[in-house]
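What follows is a set of notes on a single structure, which appears directly below.
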Amino acid sequence: MQSLLLSLDLVGTFVFALSGATAGVKREMDLFGVLVLSFAAASAGGIARDVLIGAVPPAAVSDWRYLAVATLAGLITFFWYRPIENLRSPVQIFDAAGLALFAVAGTQKALAFHLHPAMAALLGMLTGIGGGMARDILCAQMPAVLRSELYAVAALAGAIVTVLGYLAGMQSVGVAIGLVLCFGLRLMAIFRGWRLPVARPH
Amino acid sequence: MQSLLLSLDLVGTFVFALSGATAGVKREMDLFGVLVLSFAAASAGGIARDVLIGAVPPAAVSDWRYLAVATLAGLITFFWYRPIENLRSPVQIFDAAGLALFAVAGTQKALAFHLHPAMAALLGMLTGIGGGMARDILCAQMPAVLRSELYAVAALAGAIVTVLGYLAGMQSVGVAIGLVLCFGLRLMAIFRGWRLPVARPH
Amino acid sequence: MQSLLLSLDLVGTFVFALSGATAGVKREMDLFGVLVLSFAAASAGGIARDVLIGAVPPAAVSDWRYLAVATLAGLITFFWYRPIENLRSPVQIFDAAGLALFAVAGTQKALAFHLHPAMAALLGMLTGIGGGMARDILCAQMPAVLRSELYAVAALAGAIVTVLGYLAGMQSVGVAIGLVLCFGLRLMAIFRGWRLPVARPH
């Protein structure tokens, strides 16, 4: 079970690293910059969560496998950019899976550190979206999650269901529904264009 | 006394959240983005301070009321943007009060964690200005405090007076004068246009 | 020995602060903004490392001398910008020395906190490049290290050699070679234009 969770975590890391590396290649960074963006996109959310709950050094800093997986994704993207770019739609689906996994696992870790349930859900969401925000800030852009699609909301929904399951004493049920809900909302956003209302300043 | 301080802290949180939400609405973010900016503008300074002094989880992460107040401010701004925007001048005055409060309270917390007095003043200033800096970075803009008005300097002045009062064994006097000084400097900047000298590279 | 290390650390702080202050003056920030950029460029790398390994409060926050040295560099740059700007080449050489020192010292600190050797090298590199990244993000720009020259790679090379020396039980040899290697690679980048391969998205 423990090793299944680690495997899933590393799959999520790999897919998120692909998104970071792709952003770096598009901006014509050098090899190193691409690898930094890979690692940042894959790990920033979990690192922020761990620093905030006092779990230092964060898992992504103390366990070399996260770095190894992110670096591998960065190298593949750097040298085979065209094929990766053509995979956009499969990558988006993997990304949706990674988001669901990070949000749910991040929530569980925050609950294990005895945070208030509402804040545990928030930290679960941060685990899921933090990497993408770091990637965008490093590219000097406004984070995409602030403006588009059901991305953060999907993560938050999965995190909240995880918390509800925990409060109801049915942790596995909450985890299962949380994963499906987050993943499903993302697929709806990708393939059906579901969105949140947007602010109209004028 | 304790509950008075908490109330003042939540008022500051509310007003800072308004400034974050307003920035989000101006950039046509979706509802979620507006709420993230509300929470970031209200809490980033205090969170950074708490992480740096080792007080984890930070108050804004462990106590759900900060999130609730920031979310409320974000929702109000999202749905009633026009009236909030027309309140600009009152909001600026509340913001000056929030800055004074955050700077002084942040300094006291750093002193309570036995930091060097000079660094406690710095962390007090960071508590006051950190939220606005996070807001601007999330909007991919250079933080306004680096370039304009007596904002950070007002926070620093209030923080220094708080430290001096502490060193002189007259903590309440320092707090009172610090609050008035920071608030007053901001009012002078808003209504009289007081500024710092600006760099002239040419 | 201890005081030699501290002196070198403060020299690195001074030179990095010059680079931050110069960026601030170029963007016509006010005096305070220039000082913030000085301190951020000089300390962000070390602060990030210390937060990640759990060494809080970070050295740059608990020891006032870092702030004093960074502030001094900021004031000098603010009031004597022309002469500093004309020193560009000497400043770049000092900067290369600061980078080597920060990378090697950062690696040693991470090893002392029992991090995995690969991650200690990564944190050493972060110590060296973090300040410049914070400086660029505060200026709303993509960090220069992601796109140019042998900067981060030089830091990483120095950090890796430091780790190898540690693993081989020859710490001082590793430190010496690491310093020379990082410094030398930077000089080659500055005076010979050595670079990494750059991503070609098309």
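As written, the chain order gives the labels A, B and C, with residue 1 at the start of each chain.
The working rule: a contact is a pair of C-beta atoms (placed from the backbone, for glycine too) under 8 Å apart; a residue touches a chain by one contact, two chains touch by 3 or more.
All figures in this text were calculated on a predicted structure; none of them were measured in a lab.
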> How would the chain B/chain C interface be labelled, same or different, where same requires over half of its residue numbers to be shared?
Replying inline: different
> Through what angle, to the nearest 5 degrees, does chain A rotate to match chain C on its C-alpha atoms?
Replying inline: 120
> What whole-Å value do you get for the distance between chain B and chain C if each is reduced to the mean of its CA atoms?
Replying inline: 29
>> Please output the residue numbers of chain C that touch at least 2 other chains, ranges allowed.
In response: 51, 137, 140
> Can you list the residues on chain B that touch chain A in the complex?
Replying inline: 24-34, 36-37, 47, 51, 56-58, 61-64, 67, 78, 81, 137-140
> Which residues of chain A touch chain B in the complex?
Replying inline: 51-54, 113, 115-116, 118-119, 122-123, 133, 137, 140-143, 145-148, 152-153, 156, 195-201
